[in-house]
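Each of the next two complexes has chain A plus one other chain: chain B in the first, chain C in the second.
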Partner chain A sequence: MTNSKKIKVAFSSGKGGTGKTSVATHFAQYLSLNEKTALIDLDVEEPNSAIFFKNRVSIKTEIVTRDTPTINSEKCSFCKLCVQKCNFNAIAMYKESFKFFYELCKSCNRCKNICPNDAIYQLKEDIGEIREYQSGDLFIKDGLLKEGSVQTKLLIQAVKKLSNSYTWEIFDSPPGTTCPMVESISDVDFVVLVAEPTPFGFHDLKLAIEVVEKTVKNWGIVINKSGSYDNIIESYVSKNGYKVIEKFPFSENFAKKYAQGEFFYSQFDDKMERIKNYILEVL
Partner chain B sequence: MRIAIPSEDKILTASHFGRAPWFVFFETETKEYKYIDNSSHSDSSHGAGVNTASLMLESEVDTLISPILGPKATDLIKNSSIKVYKAPENSTVEEVLTLYFKNSLEIQF
Partner chain C sequence: MIQIAFASGKGGAGKTSISLSFHKYIGEKSILIDTDVDAADAFLLLESQNLESKPFVSGWKYRILEKNCVSCGKCISICSFGAIKRDKNSQNITINPLFCEGCGACEDVCPFDAITKKENYCGDYFISSTKINTTMVYARLTPGEDNSGKLVHLVRKKGIEIFKKLIQPNGYIIIDSPPGIGCPLMAAISGVNYLVLIIEATESGFHDAKRVVEVAKQLKLPTLSIINKSGLSESLDSEILLFLKEFNIPLVGVIPFNGEFNNILNKEMFWIDSENSEIRNNLISIFSNIVNYIEK
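Presenting the complex of A and B:
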């Protein structure tokens, strides 16, 4: 394809387990049959999109680091300018000793830039790794946060940075409605909220809608595990003028295949096509 | 000797060390009280414990009677000569001092 337009779509949800990964992986797989597609798993705490692609080939694994400052005591005059100017209170200094609290540090470099004695230099801290795979024509990338690290947002940003250009970039968001989820939808063209018709799913869907409405212009809902309780979501959706783009039925067979890490929505190419066309239509 | 106690309102003890709005300093030699405004630290969105702990070090506090210290404040104060006791919940500064002089406070570190 020579299509130069680039479309970024995030599959998100408030609740975990609604089927973000299921729908995102199948959608990306479907798109990749005809168009240049990348599937980007932004759930860096539990990346699992790649697991579905059993024929995947690992292309690259790279350690991601961030800058963490420290002080050269021989150059330092202990003037405390860095302590006063740090917006995150990450530095403590008493007499001629100092301590950095790296869990508070945002690697902004301010302390280094303002130090009158040029006494601050940067160390590297591992925050995790990014991994790239190829499965057929589909490019897959994910990140794995280092255990104990709180630099989720930084790692998500690193995962999102692609070296090649794709017609479709499909993001699998982390669950919830906090910073990692917001970061995963911060610069996309369209958000697909994957919703589950249960009281829990409905509750968390409303939270997700609140975030999505403030963050992106174009979004829609896909009901997964659809069945006799869809009304929980549908009456709310129609009351507020939102859009249910597509539904995927609940089936025990899907759950079984999912548990085995196998594709199970392959017979729904027509549904994937309709989601794709809806996105293209509104953009 | 200087004893420091985090306080909500100069009378009641605070429920949190790093975010205590006030600190009461009691000087054992002169029996004097000093009230230190900690609001610039207690209101900060990040690292209140770091700044409040630094205030203790800079103010040359000898003894601190406080609710359980957070991990960052602990990190800074444990490496100093300050002795830290546990303040019982919902008590007044006066009550805490009385308990201290009766030797009936639990030691934090």
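Presenting the complex of A and C:
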């Protein structure tokens, strides 16, 4: 693959707090020194990537909305067809009054489509915002889900849409193994699973492997906060023919810098270069 | 029955380790519900024997019945999720189950009865006995599924049923929450008697915890707090204290950063069983503060 082509890489993990953001931010920063790079934080419930770029300049903030249905009582015959057809039980109707449960509504439009009286119309609901920053040569974008909103997936989809093209698009995934995480890796070229060597980290790594194997062709593992439990992960990895691309050590000094939202892996440019070369080689 | 949930917003802030230790501290008067249905971990240290496991079925997945389908494509444009595609060569129409949200809008417009639906199996829940003679409930959502909030509701419901059978009325339901602030978190903490916010004393951890406070305010939950990994940044530590004061959130304890915590975990031990008496005594005093606060 030549560098003129776009390469999308997601940093993911089953468990939270393994170091997805740490590795993704440093990797993106390293790439941006020589190539056109975007860092996209898809953990819209708790976006933390931008925190590490103290010199970031805000370029744009945009409110994201979704369509939610409501009823025009003057047109409605209260036939309850919408109530019967809604598979999410998001509409209740009693005599001539109605209520929508928007936390259950998926904006599928079925109620609007089937209403015989054309009585259903759309409202806009704020689900959060998208923010764009520039830090040196690096473009950064993230989403911030509104507190109380459950529309994580919709906001992730909105954050993923970029207006410019970049040689590298680096995604910082949300934790977990279900819908938001899968959405974040659904069309990437390579997934880096960031593993924490603890019993919890090991168990969640296995869950994450189950997901990436079903979703993407190319992926590898980075061990972060390396320590006494590494060998358990490494023997599992080699037994199954997987690959540990790189390891980052555990240190109180890193934890201190992380706590202050500062870069701490800058001394590991050689490791970043090796991760980059591995990805290019595989693709 | 006191329902108490441990939440942090950020992952890796210490929710599961602290919930487990609190469960051990309270003992047989309590049950543990692990509501992190994406990546449940508490059972790794706690489970002794699985007593019951059942599938979790929620919502629908739609599918094309090839024998009836004439590839008219009416369903493609009605689908709000882009789940229905026509194959360029064969013209065959298929629904991608990963994108199908199960709304059924396609069924309404199909003139040939060529769309059928099936109940969606999307995970399992488990009830288990534990190594400390208690009961725990947890679940596992199928990777890629989108019904985590509903599964969290289900494990909480199962937990309450068991609690009512087994535990004296003044006991505790201890809830280990998922990370984030979205649907699964809200399902895990809504209606609890107390939320214990675990603030990881890092810039990210503080940022994420503040968002949980906002959600807790909307849900009107009485909130206590524990600061974990303290001492990494003095200025941040004092900023967190100011925040807690301003929002009137009682602080029940501070856990200093210590690399030893991962070693305890790697020996598959609870933090509260640590050989280090400082760690042990600090946790005991934090937990007794929580109980005093609740039972005062």
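Here is the rule we use: the second predicted complex is superposed on the first by the 278 of 283 C-alpha atoms of A that agree within 3 Å, B and C clash if a C-alpha of one lies under 4 Å from a C-alpha of the other, contacts with A are read in each partner's own complex, and residues count from 1 in each chain.
In the analysis below, a residue touches a chain if its C-beta (ideal position, glycine included) is under 8 Å from a C-beta of that chain, and two chains touch if they have at least 3 such contacts.
Predicted, not measured: the structure shown is a model, and the values here were computed from it.
Novice: Could you say whether A:Phe101 touches chain B, chain C, both of them, or neither, answering first, second, both or neither?
Specialist: first
Novice: Between chain B (first) and chain C (second), which does A:Phe88 come into contact with in this model arrangement: first, second, both, or neither?
Specialist: In the superposition, A:Phe88 touches chain B and chain C alike.
Novice: Please indicate which partner A:Ser58 is in contact with in the superposed arrangement: first for chain B, second for chain C, both, or neither.
Specialist: Neither: A:Ser58 stays clear of chain B and chain C.
Novice: Should A:Pro175 be classified as contacting the first partner (chain B), the second (chain C), both, or neither?
Specialist: second
Novice: Could you figure out whether chain B or chain C reaches more residues of chain A?
Specialist: C
Novice: Could you look at A:Tyr229 and tell me whether it touches chain B, chain C, both or neither (first, second, both, neither)?
Specialist: After superposing on A, A:Tyr229 lies in contact with chain C but is clear of chain B.
Novice: Touch test for A:Asn48: chain B only (first), chain C only (second), both, or neither?
Specialist: Second partner only, chain C.
Novice: Starting from the residues of chain A touching chain B, keep only those that also touch chain C in the other complex, and list them.
Specialist: 87-88
Novice: Taking the complex as given, what residues does chain C use to touch chain A?
Specialist: Within the complex, chain C contacts chain A at residues 9-13, 16, 37-39, 41, 44-45, 59-60, 78, 80-81, 98, 101-105, 108-109, 141-146, 148-149, 178-183, 185-186, 200-204, 207-208, 211, 214-215, 218, 229, 232-233, 235-236, 257, 259, 262-263, 265-266, 268.
Novice: Once bound in the complex, which stretches of chain A touch chain B?
Specialist: Interface residues on the chain A side: 83, 87-94, 99, 101, 104.
Novice: So in the complex, which bits of chain B are touching chain A?
Specialist: Residue positions touching the partner: 44, 46-48, 50-51, 53-54, 57-58, 72, 75-76, 80.
Novice: For chain A, which residues count as touching chain C in their complex?
Specialist: My answer: residues 14-18, 21, 43, 45-46, 48, 51, 85, 87-88, 103, 106-110, 113-114, 145, 147-150, 152-153, 174-182, 186, 196-200, 203-204, 207, 210-211, 214-215, 225, 227-229, 250, 252, 255-256, 258-261.
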